[in-house]
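Each of the next two complexes has subunit A plus one more chain, namely subunit B in the first and subunit C in the second.
Now for the complex of A and B:
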């Protein structure tokens, strides 16, 4: 949290109004993402009670397992149809390709990557990690066999989970994360994780401040008028709504998992789950609407492009029937993944700061970047190089406050990041002398304009080639073998 | 070190009077583990020491907490525990051998405390304490017929001069020459890892049991080091209902707990700081049945230390949050805001400084940071090419 973020939080708390943390949208948003909202059975890590999903706000689909603790019902009524839906939805993303001439060969890139939007962090974990891990090793033959699409869906979910761990990736987004990135509220992060309350801050009804609307929403959440956004339902809802219905249902079906019996008796439970999930569904789409209205930052599409490349890699493996994931990464995979994440973080931080003055302000406030008025530009300044005289333009900058960077430090003009590189050569109170040491032939900031300089680049730190065999220092971590698993009845 | 309960001790007397006829809550492992949640909160410390039922008190103050467990979570936990313990702990023995390599005899000698023939209440608890002690004495003394498992034992922990009975839902295993705490939990361990919050809560709670077992052994003249600092958690494996066992070292939690416990006079000190006598006089003037006013007066006299995490840990959280908001407490917004502006004591002052007001003498540096943030926001708005 930069000093600017602290200031914005204080302003939000004292005014009762949400504060914009950004001037643009920093995440790619599809106009029609796959929205998933889900409840799971309390006490059961991997047993969904209901899933509401779809790519259009007006046409949600609903799957409910009236007794999720029975594997028969859980898989027949939710897991298998949901897995099948997911595979069908992803099919065009896998198959639709465009040709691109790479260095030595023609590659087939996927036209677009898929995007899933969920209400909150916990649902992202449920959809990605829990469904992914609990489905991908299931048997497709013999005892407790499930359809192949269920297992493939597990592999897809795992891909979404792993890709979304990259900073700035937009394949699996939580509405609370998105709203928090773009707005500062007058409450803590923990409270912001309740989508309904967070949305009340961001989007209060007319005539109310965000703080007032949020306080009212919190009361509604407490009284049970507004059910939780999932995936774990409220304890109150479980006790007051679901438990009585489930008791009747289980008594009437008398242990039968028969489709005809379950369908005939489960109407009330399906209605109750659908009603509860509808709140979360609407809130997630409202968040989508608010964020879609914001203009995207310039580098947003670059980051979506890396999501598309990663998706293409996964889609190729799916086409080859080889989209498997390990339980535990090997040492090499882990090293690769860490450096990937570091690169993604560097690119995201740079991209956001360059796209958005308000984010750059955080760097300026932290003394990591300079901003001021250009008072002089000497394009033709020459100095003795190794052999000949070379051109090293000079820029004078008036900061209006003491310079936070020491003499000798280098950074880039934010208009030409990675190209127009300057070095601090003199500091006199609030005026700073800069020497252009790279990219001197292109545009440079003109006198009278406001210019900013920050050490931001998109290039990754070059890394040595990974050795063929894992070095002895990194051997020994146990990699559990993958065994196919059968689901358990917890009834 | 074991402190004796001091019935006439002035502190417990004062605490009892502070509570008066407010609803009482008996301390248990969970509330004791809460000593580690927010040790610097005077309000929590005193109310806990006075055994005030925080949930009911918060309700009296019009801001009841929204906690409570789903009936399904409760049911699942109980089913799992029954399953693991069925057939003389057959499944438990199996996972302990397989997952943590314990050598256990095929025929376990189990021991469970009983209250048969004793009236419920303190006497029954005392009877179970004695039975638990006897079993521990036999284990410590190397008795060959000593039990391998003590289930539902009751031990005592002294917090200040309050005596807390702990019903151990943990099991003490005795193998080789080590006693081991073993707790059955309902959450899953997936591919060797579990949610850190859940493991943390289990570790803190186990540390409480561990501390009381150590004290009991010491009281018996045995070596408290007999109890291992490695606690075994029995959880569900992956997304199945099969059990798995993992060791968690709770030395750090135990040390933290001991540190809190050794400040045994802290409640006494706190009461002195609060000038509890005056508060008591005020409380005593209240009408007996006027519980709302009593709760109001008592709670508001105790200084609070609200942090966002209180919302998931403490029954009083909503009461305290309202107060923290009204006073502009920077801690209400989380540690990062607090780290910067705590010294100013009030976020409204911070806001005024950012807007140009003179900072107080102790806030000159914070003032510079806030102003710089404000001016950076203004300056970047004028950036050439800014959107």
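Now for the complex of A and C:
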């Protein structure tokens, strides 16, 4: 948390009004994402009681498993139809392509990447990691066979989970994360994870402060008027609403999983679950509406482009029937993944700070960036290089406060991130001497202007070539096999 | 056995294991100041009879240090310094070759480069390699370099800071071969038969200081000081003028440790009182013209280059540096040689006197970051003579009131020592050397 964020949180707490943390929107938002709201059975991590989903606020679809602990009912009434829906929804994203001339060949990029929006962090984990893992290894033949679309949906969910682990990725977004990135409330992070309460801060009814609206919402939640946003079970709702209905249902069906019997008896449970999920459905779409009104930052589309590239890779594997995921990463995959994550984080930090003065202010307050008036620029300064005299322009900067960076540290001019690199060569109170050590031929900040310098870059270090076989230090105990990449190594 | 004999015995055992070549990996754990880099350089020199020896360092500064050490200790060897782009800080002479291409260094006895640079090297192969600071090397980096050699000697200090990533690595928590795990953890996981040796003597820490560090941070690999109390001493040329700053310096001079305790308060990381206290101690130590006795080196004055202020956060470093420079200016003392840096950047460095700002000073809650034993261990093990710890009062109560909130990862090794316990132990031990501000 930067000092600016601390200040905004204090202001929100004292005023009772939410504070903007950003001047622009830092995440890509589709006008019609797939919204998924889910609720699961207490004590059953992978057993959804109900799922509400769709790409239009006015036309939600609802699937309910009136007794999720019955595998037969759970798969027939929720998992299989939901898997089929997901595959059908993703089909055009997989198939619709445009040609692009790459260096040596023509590639077929997917036209767009899909975007899923869920109410909170817990739902993102539920549809990504939990459903992905629980569905992708199921059999499509023999005992306990499920339709191929159920297994494929599991692989898709896993892709969403893995891609969304890249900072700044927008393929699987939680409304609470989105709102928290853009607004500061006067409550704790844990409290902010309750979408209904968070949304009360951000979007209070007329005549109330955010803090007042949030307090009322908390009371409504405790009195059972509004269950939580799922999928984590709400103890009050479970006890007061679900449990009595479930008892009657199980008594009446007398052990039968028969479709005709279940359909005839499950009406009340479906209505209750639909009512409960509708609150979260509305809240998620309201968050979408609020965020969509903000202007996106300049680099938002660059990051969405990275998502589209990654989706194309996955879509190609889907088309080839090869979209499988291991239980445990190989050393090569792990090295590749962590470096992807580090690159994504670097690009996100640079993008947000360069798109948004409020974010840059946080870096300045934290002593990680310099901002000040340029008092002198000597473009022609020369010094002795390894062989010849080289040009190393000098910049004098007046900060108005002590310089937080020690002599020798390097950063980039924010107008040319990753290119115009400067080194701090002298510090005298609030006056700083900078030497341009890279990118000296292009534009440099002119005297009299305000310039900022921060260690921000979009360029990543190219990765070394991976060894052909796993090296001896990484082979031995529990090494995932290299040869099989697919259903064979599911056990 | 004398410390020298103990040290020589372990080195002999390691050399025998490496020469025998029965195990692909040999690990040497080294406490702070145990003569690790001398050992690495001597071992490399010994192994040159098998062919060129590659040394994998973790930073360019460490690689340059090793090259200089080889130059001074083994002037008969030709050493290659493989670089990416940086201009290395090594002697430019006929026996030191510098190149960006490994092919240019083919005839060298030893080639030194960072792990990051070695990762891009292809088409060469060596019989035995040496990985220095192997506990700070990430497993994913080892993945790209391990095939350069058939066997390797891993040398490092398990008590310092583990490698880290700013990215989310929870996916691999609990996997000893996860990409951010220390290289040594990966090797020991996959090759459990690997012999692990322990250097038994710290030549840096004095007889007064070694026991606290050994007991708190290295409970499973105790070590002793290489010197006895008659061989090391600090004396102040200017006598004390009264006040807690002088009292703390006197305590540190006579006992090796001092703990300057400030009144309890919850404060921002750039706690003005604490910053003034650490700066005041460093400046006063300079003013009092300390003299060091350091047999057999028999060193003299403790000038600014022998003094360091260790902090935890970068914003603390900035404000301590600015305050120090200002105080130096006001008093007309040259404070520029005094090092001010974070624990992370002080790893591998050595000073006569270290003034350390306690990681938990003035905090409202103990976080995982602040409890990491490596951080405190680095701060408390950089000194040949004395260390003065500065903290707000109330650290034990803070530790008691805030049980760990960090997630527990299935399969993750239990950290030894436990951060919470090591912190309690250190603060309890420092109680004996307490001076109230």
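The rule is simple: the second predicted complex is superposed on the first by the 459 of 491 C-alpha atoms of A that agree within 3 Å, B and C clash if a C-alpha of one lies under 4 Å from a C-alpha of the other, contacts with A are read in each partner's own complex, and residues count from 1 in each chain.
Keep this in mind: a residue touches a chain if its C-beta (ideal position, glycine included) is under 8 Å from a C-beta of that chain, and two chains touch if they have at least 3 such contacts.
Quick caveat, the model's predicted, so the values are computed rather than measured.
In the superposition on chain A, A:452 makes contact with subunit B only, while subunit C stays out of contact range. If you count the residues of subunit A touched by subunit B and by subunit C, you find the higher number for B. Look at A:238: by the touch rule set out above, it reaches subunit B but stays clear of subunit C.
By the touch criterion defined above, A:337 lies against subunit C but remains apart from subunit B after alignment on the C-alpha atoms of chain A. In the superposed model, A:222 lies in contact with subunit B only, and not with subunit C. Touch criterion not met for A:292: it reaches neither subunit B nor subunit C. Within subunit A, the residues touched by subunit B in the first complex and by subunit C in the second are 328. For subunit C in complex with subunit A, the touching residues are 24-25, 87, 119-120, 122, 139-140, 142-144, 146-147, 150, 152, 165-169, 171-172, 175, 177-180, 183, 186-187, 189-192, 314-315, 317-319, 321-322, 325, 340.
If you check the complex, the residues on subunit A that touch subunit B are 1-7, 9-11, 13-14, 23-24, 41-46, 130, 133-134, 186-191, 221-222, 232-236, 238-239, 242-243, 295, 327-328, 355-358, 360-362, 364-365, 371-372, 400-401, 414-415, 445, 449-452, 480, 485, 487-490.
Residue ranges on subunit A touching subunit C, taken from their complex, read 165, 167, 328-329, 331-332, 334-335, 337-339, 341-342, 344-345, 366-368, 386, 402-406, 427, 464-467, 470-477, 479. Listing the residues of subunit B that touch subunit A in their complex gives 64, 66-77, 79, 186-188, 190-192, 236, 238-242, 308-309, 311-312, 325, 328, 332-334, 336-337, 340-341, 347-348, 350-351, 354, 369-370, 372-377, 379-387.
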